[in-house]
Every structure is written in C-alpha cells, then in structure tokens.
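The letters A, B, C, D and E name the chains in turn, as written, and every chain counts its residues from 1.
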Amino acid sequence: MTLLSVENLVTSFKTSAGEVRAVDGVSIAVERGQTLGIVGESGCGKSVLSLSIMQLLAHPGRVVEGKVLLEGRNLLDLSARQMRAVRGREIAMIFQEPMTSLNPVHSIGYQITEAMRAHEPSLSAAELRNRAVAVLDRVRIPSAARRFDEYPHQLSGGMRQRVMIAMALACKPKLLIADEPTTALDVTVQAQILELLRELQAENGMGIILITHDLGVIAEMADRVSVMYAGRVVERSSSAELFDDPQHPYTLGLLGSIPRVDEEKDRLTAIEGAVPPPFAWPPGCRFAPRCPFSIEACTQAPPALREVAPDHAAACLEAPL
Amino acid sequence: MSATASAGPVTAPRRPSAFRMLMKDTGAAIALVFVVLIVLAAVFAPWLAPKDPYETDLMSIMSPPSADYWFGTDGQGRDIFARTLYGLQVTLFMGLTSLIIGGVLGALVGFLAAYYKRLDGLLMRFMDILLSFPAILFGLALAAIFGPGLTSVIIALSIATIPLMARIVRGAAVVVMGLDYIEAARAVGMTDKRIMLRHLAPNCLSPIFVFATLRLGQVILLGSALSFLGLGAQPPVAELGAMASQGRNFLFIAPHISVVPSIAIFAVVLAFNVLGDALRDALDPRLRI
Amino acid sequence: MAKYALQRLALAIPVLLGVLLVGFFLMQVVPTDPAIIRAGPQATQDVVEAIREELGLNKPLWQQFGLYMWRLFQGDLGVSIINNVAVTQELGDTIGPTLELMVASLFWSIPLGILMGTLAAYWRGSLIDRGIMAISVAGVSVPVFFIGLLMIWLLGFQWQLLPFTGRGGPLWTMDGIMAIILPALTLGGVFVGPVARMTRTAVVDMLSADHVRTARAKGLNEFLVVLRHALRNALIPVITLIGLQIGFLLGGAVVTETIFSWPGVGRLAVGAILSSDFPMAQGTIIVLSLGFILINLAVDLLYAVLDPRVRLS
Amino acid sequence: MTHLLEVVDIAKHYPSGKGAVKAVDGVSFTLERGETLALVGESGCGKSTTARLVLRLIERSRGTVRFNGEDITALSPGALRRFRRNAQIIFQDPYASLNPRLRVGEAIMEPMEVHGIGTPAERRKRMEELLGLVGLAPYHAARYPHEFSGGQRQRIGIARALAVQPELVVCDEPVSALDVSIQAQVVNLLKDLQARFGLSFLFIAHDLAVVKHMADRIAVMYLGRIVEVAQTNELFANPRHPYTRALLAAIPHPDPARRGHVKPLGGDLPSPLNPPPGCHFHTRCPFATEICRSQDPVATGGAHSVACHHADTLPPMGAAYEGHISEAARRRLARYAEASAARSLAG
Amino acid sequence: QQQPRNQITIMREIDSDRYDPHRTTALAGGEVLTMLSDTLVSMDFDMRTIRPGLAERWEVSPDGKTYTFHLRRDVTFCDGRALTADDVVYSINRWIGRTTPRVVSPVAWRAGNVKEVRAVDPYTVEYELNEPFGELLSQLTQFFGSIVDRATVERLGDNFGVQGFNGTGPYCWASWTPRSELVLTRHPTYRWGPPVLQNRGPAHVERVVWRVIPEAAARVAALQAGQADITQYIPEAFWDGMRRVPTLRTSNQENYFWDVFMGFKVDKPVVSDLAIRRAAHMAVDRVGLARAIWSGHATPARNIVNPNALDYDAQSDAMVPNYDPAAARRTLDEAGWRMGPDGVRVKDGQRATFLMYAINNLANQRAAEIIQQGLRQVGIEMRVQLFDATVAWGRLATQEFDAYILSYPYISATDALSLYWHSRNRPSPNRMNWNDPQTDAWLEEARRGLTPEARATATANIQRRLAEQAPWLTLARNQLTVFATQRVEGARAHGLYGIGIYRGLDLRVVR
C-alpha cells in the first residue's frame, strides 16, 4: 500500500482579497523508502501542501477538498487528538530555517525528549535521555551526551538542522517531510545534510517528501518528482525521466534558467515575467501568460495532468513536446 | 537566503492607505471621530460652554445633572459641563505641549544615536539614565523644585517622554539604517543631512506617529494624576484631574463631581489608545508593544 | 550569567550616580535655604550661619557633594524640616507598606494579565479576544484615581465590604489583609491591562513562530504547545516590558497611597512636597528611584534566567 | 596602465566583547576594466565586508584600496564624493534596497541630482532611458517600490546604480534572493549591460554555477582571506586549494546520473571571532599537517594563486564535472529558447 | 472590621507639626495635648465656668494681680515622677519665654502680663501679674498652659513633642508617625481629672489612636463602617445624612466660638484702601457661603464677635457692610477704581488685585474660589495661594501676602480682640498689621477689665471701629458636632479652642 497519497487536495485561505486557493487540486504519492521531490518557485504552494498534510495550517488556511491517505487512512477524518498521535510519531517534519525552528529557551535535549514523551509517556527520564543521546549520535552530532544540555544558540546552523532531524527521527516516523531543509545552509553543509538524510533513509526505510526549489538537490536526492507551479502539479515523473525528458514548458524554463557548470552559455534561457500572486492566478493554464508555447486554448480551461509517457504526466495541452 | 523573497506581486493592488485601513476598523473610526470632537470641543470651549466655568452659583451646590446643569454642579456651584470643556482644553494643552517638546527632543536624540554610531552609546546610556526615573518621579521632583503647577507637570512629562521617544526612534532608525537603501544613498555620495532627512526620517514616521498617539494618552493620564495629587494644575483652574480631586471629598453625596471629570479623562485617553492601536495595526503591525 | 549580571550592575552604576546627583541638585535648586528653614522664622542671622556651618553649606559645591555622598553612604539623608525626624527613619517606616502594596498588587495582576493575554492570543480574533482586549485597553486608559474612587464608593461605602482607610496592620493579621485588598485591587487594576496587552502581543508573535510549528509537528498537545513554547518564550519580552512598566506602577502607587491613606513612601513624598519639606522630598525621590532601578535590575536578571541566550553568553 | 581596482592587504576588524571579529583579514586582488571578478565563499566569510571596504562604505582597519591608481582610503570628503560617481553597488535584498517612500523615478534620479548631473529635464529623460535599459517602462517611474516584484526591484536597483555612469559596479549577491526564473533574467541583464557599457563587476555570490556563468576570474574566500584566485575555467578545471575542491565537490548538479557524487566536507565554518591559527582551513582540511596548524600560508602562483602549504603536492582531483544532458532535453531547451526569443521580439 | 475592645480611634484631617504646648497653636496639636497633659484649671461645658484642674483651689488677690494656686498632691507624670510647684513654674515660664533655651510661644500674651510665677512650697504656686488680667483663669484652661516635665523637655530639646512627651494627662505618648497616626496609652495611675467630666480617672480605654485621614469621604465612610470611632472632622455637607445614620451618635456644643475670617493687611497696596475692603465685604455673599461651604451648618456672620460671646456689641453688627454687589461696585466707582479691560479695576495705574494666603484644606479651597468669584464680579482680582498646613503657619507669619483666610477659636470678645488687634501682636497673629494706639488703649482697658461695664464699653468701641474700618471680613461662625459610633460613649463635644473631646476621660467602649 502506498505510504502516503494525497488526492486532489485543495487548501484555501480566506483573505481580504477574497478566497485564495494556495493549493488547488494537488495529488502526490510516496512509497516506503522512497523520496518524493517537490520542486517549484517561491509561493507555488509547496509549504502549504506540506502543512496541509500535517494539518498544521495557521488560522485563515483550511483544507477544503481532497484526501490525505496515510497507509489508506484518511488523515483529514481524524480527530484533533488522533492527528496529534500521527504527528511526530508517523509523520515527522523538518523546516527550512534551522535558526528559528528550534525553541531558543529549551535545551536541545529537552526538545528531543519532549517529542518522545508526547508519544510514549511511559518512558522514564533516564530512558528518554539515553534514547535522545542515541538519536543525536545517529545524526552525527559530536559528543552528543554533552550537547544534550546545550541550547540552540550554541550550535551552528548545520548542527541545528541535525538536531531538527534528530527530533524528527526520535519516534521513528514512517514518513519525513523536509521543507527546504538546506536552503538556509551553505553548500558544504547542505551536502552534509543531504548525505545524512540519504543514510538515514537507507537505514530506516522511511518515505521522504523533500521540498526544494533547487533542481540540483532534486537530482541528487529524489526518486520521483512533482513540479509545482501556482498551486498545481504541472509535471510528475521519476527524477531521471524529468531531467532526460522534460515535458512541461515550465520545467523546461526552470532547467533553462539555471546556469550549468558544465556548459558555456552566453545567455540563460529565462522565463519571462514573474509568478503571479494567488489572487491573480489566471483561468486556464496558470503558466500560459509566461509560456512561449501557449495557444488560445491554454487560457480557456486548466489542462489536466495526463500521462504523456509511461509513468510521466504533464499538465500541458502541447505535451508531449 | 532562500528564494522566498521574490513572491512579491507584479502588479499588486495598491496597498490601501493607512487612513482607509483605519476607517475599516469600526472602533478606530469611532475613536478618530471622537478625538476630533474632543479637540474641537476643547478648542471651542469658550463658545460651546453654556456657562462660565468659574461662575459660582451658591443656590445650587453639588446639584446632580439636570436640564440646567447638564453634568451637575460642583462643590462651589460651578457648572461641571463648562468646566469639563475647559478642562479638556487644559488637559490637551498639557498633553500636547509635553508630547511635542519631549517628542521632538527625543526623536532628535534617537536619530543622532542611530545615525552616528559613535554617539550611540553615550546618548543611549544617557537616555537609559533618564528612563530610570519613572515619569511620576520627574513630576514629584519638579513639583518639589518649582512648586506645584502646570508648568512643572509639562516639564516633567516632556523629560519623561524624551527617552521613550528616543528609544522608539532609535529602534526604528537602526532598522532602517541597516537597510540597503541607506547604504545605497551613502554609496552615491549623499550628505548625512540629506540621508537623514530624505531617507531615514520619512521611513521612521509610522512608529513615531503610533507612539505619539499612544503616548498622548499616557501623558494625559500622568498629568491628571499629578494634578489629582495636588502637584499639577492648581485650583480654580479647571483641569480634569484637579476637578476629580476636589470632588472626591463629596464622593458619597455627590459622586458626579469626581466621576464626570474622571470619565472625561478616561474617554479621552481611551480614544487615543484605541486610535493608536488601530494606527499601529494599519501602519506597522510589527510595532505592537 | 555572572558576567551578564556584573555588566548589568555596572550599567546601573551611572544610573545610580545620576539619581544621587539629581537628588543632590534637587536640594541645590530649591528656592529655600535649608539653613533658614531649619533655624525657624525667628532665628537670628548668627544662628542661621551656625546651621549653615553645621550643614556644610558654606563649602564649595563639589565638597558639598562629597559630604552629601558621605552622609548618604552612612544612611544619613538629613532630617525633616517639619518634625526633625531623620529622613531615613521615616523612609524606613514607609517603605514596608509601599512594598507590601506593590507586591500585593502585582501578586494578582501579573498572573491575571498574563492569563488574559494568553487566552486572547490563543483565540485571536474571536469574541474572547475582543472582550479581553476591550477590557485591557480600558484598563490602560483609566486613571488610577478613578478606579480607586469607584472602589471606595461602591465596595467601601455603598456595600461596606472592605475598609479603605489606610493600613490595617501587618499582612499576617486579618485586619492587615482586609485593609490591603482595595488598594491592591486599585493599583493592580491599572496593571492588568498593560500586562494583558503585552502578553497577547508576545504570545501572538510566538504562536506564529517557527518553533511553535515545530512543537506542533512533534505531536504535542495544545496546552503544552501554548505553555512551554509560546508563553514560555513570550515571557521574555513580557518580563522586560513589565520592568519598564514598573514606573507606571510607581505612579499608580503614589496616587493609590494618597487615596487610601496608605502610609507609604508615595504618600510621604506627596506630603513632603506639598509641605516643602525638601530633605524629606529628596529622600523619597531617591528611594523611589533606587527602588525602580533595583526592580529593573532584578527584571534584567530574571530575563537572563529565562533566556539561555543571555544566560549562557 | 594601472588596474581599475587594486586592493592590497585590506582588513576589517570589528571590535567585540572578547577580541575582534576579523571579518576581513588581509585580502588582496586586482580588477581590470571591463572584467568581472567574482568573490565566492560561504556565509560570513567576509564577502560583503570586502565589498563595503572597496567602496569605502566602512573604514578599513588596514590596507589600501586603489581605484584608477588613486588611494581611496585617503580621500577627502569631497574627493570621496567624486569617487562615488565611479563606483556603485547593487544589493542582495530587493526589498531593502529601495526607499519605500520614494517613487521609483525619484530614486533613480536622485544620484544624478546629488552629483549635479544635468538639468531636471535631462535627468528625467535619462531616468526614462535607464528604465528602458533594465526592461521597465517609463510609466513605472511614478510608482512606489511596493508595487513591484522582487525581480523588478532588482532592476530598479541596477538602474539607480547605473544612473551616475560608474566604471565599477559591486554586485553583492544580486541574484541570491531571487527565484530561479527571475535570477536568470537578472543575470542576463547584468551581462548585457556589462557588454554594452564596458562595466567592471566585482561580483559576489555563493552559487558557483552563477559565478561560473558570470565571472572572468574567481576569488575564493574563506574566513576573511582569499585562498585561491584563478581564471574561471582554470579554477573549475584545476582547483588547487582543498577548500575550493570541497566547494566544487559539494555542488549538487541538476543531473540524476551524477547522483551521489557529492562529497561533503566535514565540520563547520569556525567563528571569525577566533579563527584557527595557521591556515584557517586546517580544521576541516583532509590534507592538513603540522605546518598548517602553525603557519599562515602565503599566496603563490601568479595568475592562478593559491594560499596552501600543500598546493603543489596535493593529489589530482580527477576530472572536473562533465555534464550529461540528454538529447531530448537539449532539443527542447533550444526550442524553448527560440520560442521565448520569438515571443519577446513579437511582444 | 472591628477595633480592639480597649482601643478607640479618633480621626482627623491633618496632623500637627509638633506636640509642644508652648510651640504650637494648631488645633491638631491642642486636641492631643489636652489628653497628654493637664492645666491648672479647667473649663466647663458652658464655656464660662472655671473649674479646678491640677489646682484644687485658688485665690485671687483683691487688686487682681496675684493668683495663688494650691496644687493637688497626688499628681504624677507619665514617667511616674510626682508633680510639684516647680513644674508649674517651669511650664508657665516656658510658655511666656522665660526659660533657656528660650521658647517663643506665639500666644505668650495669653498668660497675661506676668511679673513672676513662684513656687511658694511644693504644692503652692503664686502667679503674679503686673496688671490685672480678667481673663487669666479662662486662658489657663487652654492647652498652652499645659504643665510639662522639665527633664523631658531638656532631654529632647527640639524634639520635645516630636519624639516624645511627658505630661500629667490621662493618656501618655506612645508613638507618632507624622501625617499618619499618633498613639496614646492610658496613664494608669491617673485620678485627678477635672470635675467637669464624669470620670476622674483613670481612663476607661487603654489606647487612643489619633489617625490622620485627609480624605473627608474616607472619614465619613470609616465612621459608618466602624473602622474608627470618633471624629469632629466631618464636612458639614455630610451632617444631615450622618445624623440619620442609626449606628452613629452626635454631640453638639451650643457655646462654640470658632470663626472663619478673611483678614486684610491694612498697610499693603490695594487692600489698604478702605473702599476695597468695604467693597469686598459687599461682594461676598456670606449667607450663600454658609449654605454652600458649610451646608447651612454655619452661621452667617457680620461682626467680629459671636453674639453669644461675652461683650458682644450688637450695634457694630449693623455697621458691617452687607452683601450687595451693586453697592460694592458703586463704592469702588466712587473711590475712583475704574473698570479695566480685563475685568479688573484700576486706580492710578494700580490694578485692584491682591494675594491671599490660606491653609490648603477643603473648606478654604472652596471658600476661596467662591470669594474669588464674588470679588471678580465687582472688579477685584484675588489671587489665591494655598499651603499645606505644615508650612502655612510659617508663610502666614511673613509679609508676602495681602490677605489671608484663617479660622480661630475664642472664649470672649476680649479674648478674640486682644489676640488679633494689639499692635504688639504684629506681625503674627496681628497679620492685619493693625497699628492703632486707640485700639491698643481700649484693649488694655478691656483686659484689665476691673468692672464688667468698663470692659464691655471698651470692647464695644473696638468692635465698632473695626466694623467701620473693615480690615476683617468674618465669613462664617462654625458649629461643633462630634460624631461617634454607637460603640463608644462619652464623646461629648466640648469646644474649648475648638477641641471636640476634652481630656477624653469619659470615653468608653460599650460594645
């Protein structure tokens, strides 16, 4: 059974400018031991999607449609209490900003044990400590026992992100959602964290949803990829397939926009214009106004995500290109 | 840095003006109207007051509100309505004067401290020292030195406002100073004066505005408390705090003498506070204190 | 931490000096010659001169300041012009009741304010929030004396529930407790509003902070999230702001003491100023400032205790 | 012929509680006219500080900066103002780099006004030209910054920098805060402008791919010092400093075929407050020996200079990354580029 | 909450600056001093009859110049020492400024023109005057004549009556927190109370707490709530209401002479003008004032002397100008005071403005504002400066002001007049600077008072002269009512020098 599948999820925000569907009919799926990469530019709804899965949306946000099935169980049907038991225990999450995602006033040991205590209240203090030190060790924090009592501000950014990962792993979740876990870090540290995630996945066999806007990270980590644009998935395939055979014009645009180390080019192929804000999303294909291939029909109705090659879907009338 | 920053809209709808945002908040709109009314009432007190605020009617002492005396009369048979109007004038004058004196000086210090880092330590340490004296102590000290009176109160409140305004302005200005457009202005070779006047100050106005509105309420509260203690405006001057103080002797037989001016102070301060809160929400939600 | 504490202390020193200097100059600029006052209206010139000599008023200013500091150091703030009692003794008698009153007011107002602020923040935008915030803004707008007068009028006079005519005795006696209720309600009453507002702001900030999202993602229940992750962190700014607001409280205390005939420093100060008892006025002002500085110092240290970023650096 | 810019052993130490933060600690480089020199390195290594020192936006602790042969660290206020016409800066954060209270047109005209360039009418005309140059329309001049997207603001910032017709433009991470698609637009714009006006860029970035695309030469910084300088291609083909190698090895390439090639470097960046003695990099360097712990390495090697005790004895790194891009992808990218160019001509 | 059974709390509005009978003249001092000490003779409730005190009997020589007092033999001070004639001699001498260090009592003249006070034996005192003084015995009943212990006086020096006290009164000094609370404890061996009281001693209650509660409202409520037992300081506005409260009892004194007045310094500009002074009389509505400030519980006044007092002259009453603003304006017009643009009259470049000082209390504050308004209506500006009671006396002794409001108690016309109008008593209490040899002569005559007729004539002459010259505007005659809770008995209003509770021996807790 699929570990997690999200079906036709719609999340909306009530704002002064009206209702905004930040995530608009998104479906994704992750298997055990697999990494799903979600890539897209800023504001396309990646974080809202992950928070919707966790049901951690802040006030004006609300899931209005769809299903979030964790091993077949629809999380949207759970009570608040049941959902709490899922969070941290079955699905864990790490965030982009290691600087602010840890509570500065509690020791990192406390913050890790807190997660364990929430799900296994029977553990004694000593057990909690041992397990926390063990998990800190696992994420390669040097002299973990000593670090246990330190506070976030005493750690470097990379260390903090490791602590975040340790916290997420404390209860051995089946699925880890990593929302841009390395964006705030330097390349050398990013490489460390990515390697760590890969190792841990190999050990635990957990599923990972890795959110990023860096195609390099996707190539490095993901087994399957969903490309998001303006609240929708526009292309979905295996990672290899995406780079070898990109089908959606937006994906092409992204690939063209990044300078490649291995290539001498005078000009990058940029995408014209900018991502429109959610309240200004056009009808029809949302990429149409920026798309060099757009035709009249693109602006009429949103194109469905359809298979254009085996196990490779794109939401474009023109596809396969 | 992440790539989050560019989510800005290409053609955002024009940000609604602060005034519009204010008017959307019913409470704030009422407060604004109320503040305007109060100011008008204070300014036009001589024309609005149905009676002379100092005229004593010995035939109706401490009479409760009636058609003749809308808010009743005080212990000397004076019309409380008229006195309240004049009291608003005195109270607002006291509040505004000290706010302006203290605010201008404080803002100057704040800007200088933020702009010239070398002065920062010295100036702000000095402000800290000033801040170590609660306003009431300035009030007490000045009353001790110059004797009780409105002038003492105004000076005290001005001094007490300086460090607060300096901190607010410095806080805002330091943030702005850290922004790239200041650096850009320097890189282009602008003079300090030009940078301060054209780039720094205009971008610190919101917090100054918000603070001033909220502070006005505080200043009025403090000033009327000092008058209530007998350290401020001296009778027979119609000052709201002093009026409340006089009336408290008859609290049990004629509560309106104290209650009316107290409510007037309350209403004025409440209006400024509600307005200040709304302004803050409209201008800069991060300023919440 | 120790270093931080020392730093704070060091910062307090210029402030302290400032206070003392102001205290000193207070006596310099008062329009009355302390010697003449001390000597009484009928004294002859040579008696006044003798007193000037005795008080060191003939010496140059800096020497007088030295003398003043030296006397201060020995706990000598001079004697009251009115009744010749040592100022320090009067202060000693009145400081207890003032502290009593302040503590009693903070004792209920801070917890209540924090509770109200937290509830309002948690249900931000709801009716509860609006209700609490309306109460708070009213609370910060109401003159202390208005609350006091209402308390006296209703609770004291109309319903005769509680006394309001001064201190009833030590706090461990029933009389003492009964007598402090109304003043403490009055003084605390003006503090609830500010605390609630500050708490709400801070907790709202914290509730949208990333680490609170992390806590929720761990599966913590809401109570723990709010208590340990939002409120706990929010306390840091709240404590600082409370420290700053203590000045406000001090002002309230002076008024409250006056209305309730509470034999504290505030009332002593007002009385001394009104009766031009300059040494006493000076003493009370110095003591009130010192108290304020000490409280802020304590707040700063508490701040450090609450915030490991400060504590451990 | 002198260099356009010559920086000699410049340093900036910020006093702090214990000791000094050595944000920049002895940096030297040159920049020629029309050239782009990139400064790369991890966060906090002193790139922005160097940029500010070059423009004398902050006062140096030591060293000299010569612009057209003139030592700008010794300029009088008046001379400094003249210098500012010739050297401008573009910032990273598009939101902070524009005064929200100034209309965009005013913001662009202001530098000209300050330097007394032209009449008001001429300035207005030039401003409109500049707007066109960076891809905006004249009617944008009357708008406020908040009405623009991040990419557009970055363009406005560029227009403002170009308003005084500088020879040198310091770009402090001008694209790091932008989305990839926008980043490409700005990078293209900068390259166009450089070609058109013969600008010299001191280009600061941490993204090696962008740097490779932009720069003629690259200087790699680590903890306040430059560890390696070389021509771009030379650096990528033959990185000689262990740190440069680690940086290159850590880049995730958009190429699943190369999956797992990333070789992380151990450890964290030490604090500039008390950098390790000797070679700053020795704490993380796999090749470090005793000498590295005690002695500062000196830069050697002329055009390709390296500051490493073991530069000559390091094992070869192996072939530089050779991309694999599928035929299908390459073809589609080309089609996209064509279609895109066609559209923009038409539109 | 309830008071301890053996304690009575008496409330008042202000505190005294000190409790030294020879250095204070404040009522706040006197009311406590009558409990702390005794006088040679005592005053009955009729305010005329002199009764024994420390002296069980006395003789007056035929020429009226020598008084011989025979002291009780059982009297002791609070510290246990027995009272002897030397103590009396010392105390009287201290009062009249004949001890070292010299104490200057502002009211030394009340002791008469003393030649010598001698101890004939330990229990006999001879009090010899240079001239007869008809009022001597009444004056000796006042607290200025209190007998104090020399040793304590000398030990405490300036702090006598501040940090401690030692007297022979029914209560002893326990502690004083200025402006807050003064505690007295029972003098356990006291049994020499004046015969005007039912209880001759010792006192029924163990502790008397004098509590200062500046807030009138607080005093009212405290009394109603039983937090305090007795007070005479209830603003008249509350009297009617309080009289209806079943838990309270009241005691009135009919023979009460306490007047509120405004005095003019007749040698200061503006107020030196008789027209101004007379106009002021006509501009102030004393009937309205009595109603407004004292809620009708004060008698509107004209003449200086209370009609019930000895030697009151009815004819001069008619000479005092009545309230008539129109007449006031006319008077001023005639005197050449022209209305200025700001509503204040001017004459010879002099604005009709004067400065008035008074003690800062509620009644003065209110009265001042009303008078100010009344004067303004006729074109006279009165500037007001109020002082805390503790400083006011000092300021009132200066020449800084032009007029002042004060109130004072007296026993008879002679008493009242000789206090304020003898040129010898300038600058204080003769703050009017009244310097008239004729008045002085009449005063001497009245004081000597060999026959009642001669005295009455002399005092009548003074009253008429003052009515004519209008240096003094009597604002109202106060009434005395002591309020007490049902818990206490024996709180009978006395009124000597305005003191409500005399000696306090009859006070008793009944519930």
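Please note the rule applied: contacts are C-beta pairs under 8 Å (C-beta built on N, C-alpha and C of every residue); 3 or more make two chains touch, one makes a residue touch a chain.
Small disclaimer: the values here were computed from a predicted structure and weren't measured.
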**Message:** Please report the smallest number of touch steps linking chain A to chain D.
**Reply:** 1
**Prompt:** Quick check: more C-beta contact pairs in B-D or B-E?
**Reply:** B-D
**Asked** Can you name the chain that lies farthest from chain D, using the mean of each chain's Cα atoms as its centre?
**Response** E
**Message:** Measuring between Cα centroids, which chain is at the maximum distance from chain A?
**Reply:** E
**Request:** Round to the nearest whole Å and give the separation of the Cα centres of chain B and chain E.
**Result:** 48
**Asked** What whole-Å value do you get for the distance between chain C and chain E if each is reduced to the mean of its CA atoms?
**Response** 41
**Set of chain C residues in contact with two or more other chains** = 152, 157, 258-259, 274
**Fill in**
Where chain B touches two or more other chains at once, the residues are 1, 3, 5-7, 9-12, 230, 248, 251-252
**Prompt:** Residues of chain D touching 2+ other chains?
**Reply:** 149-152, 179-180, 182-183
**Message:** Under the definition above, what is the set of chain A residues touching chain C in their complex?
**Reply:** 51, 54, 56, 58-59, 81, 84-89, 92-93, 95, 97, 100-107, 114-115, 118-119, 151, 153-154, 164, 167-168
**Fill in**
In the complex, the residues of chain B that touch chain D are 1, 3, 5-12, 14-15, 179-181, 183-190, 194, 198-199, 202-203
**Complex contacts: residues of chain E adjacent to chain C** = 1, 11, 17-18, 104, 158-159, 162-163, 177-181, 211-215, 217-222, 224-225, 227-228, 360, 387-391, 394, 397-398
**Request:** Using the touch definition up top, name the residues of chain A that touch chain D in the complex.
**Result:** 41-42, 156, 158-159, 186-192, 194-195, 213-220, 239-240, 243-246, 249, 252-263, 265-272, 274-275, 292-293, 321
**Complete:** Listed in rising order, chain C residues that touch chain A in their complex are 124-125, 208-211, 213-221, 224, 228-229, 232-233, 236, 306-309, 312-313
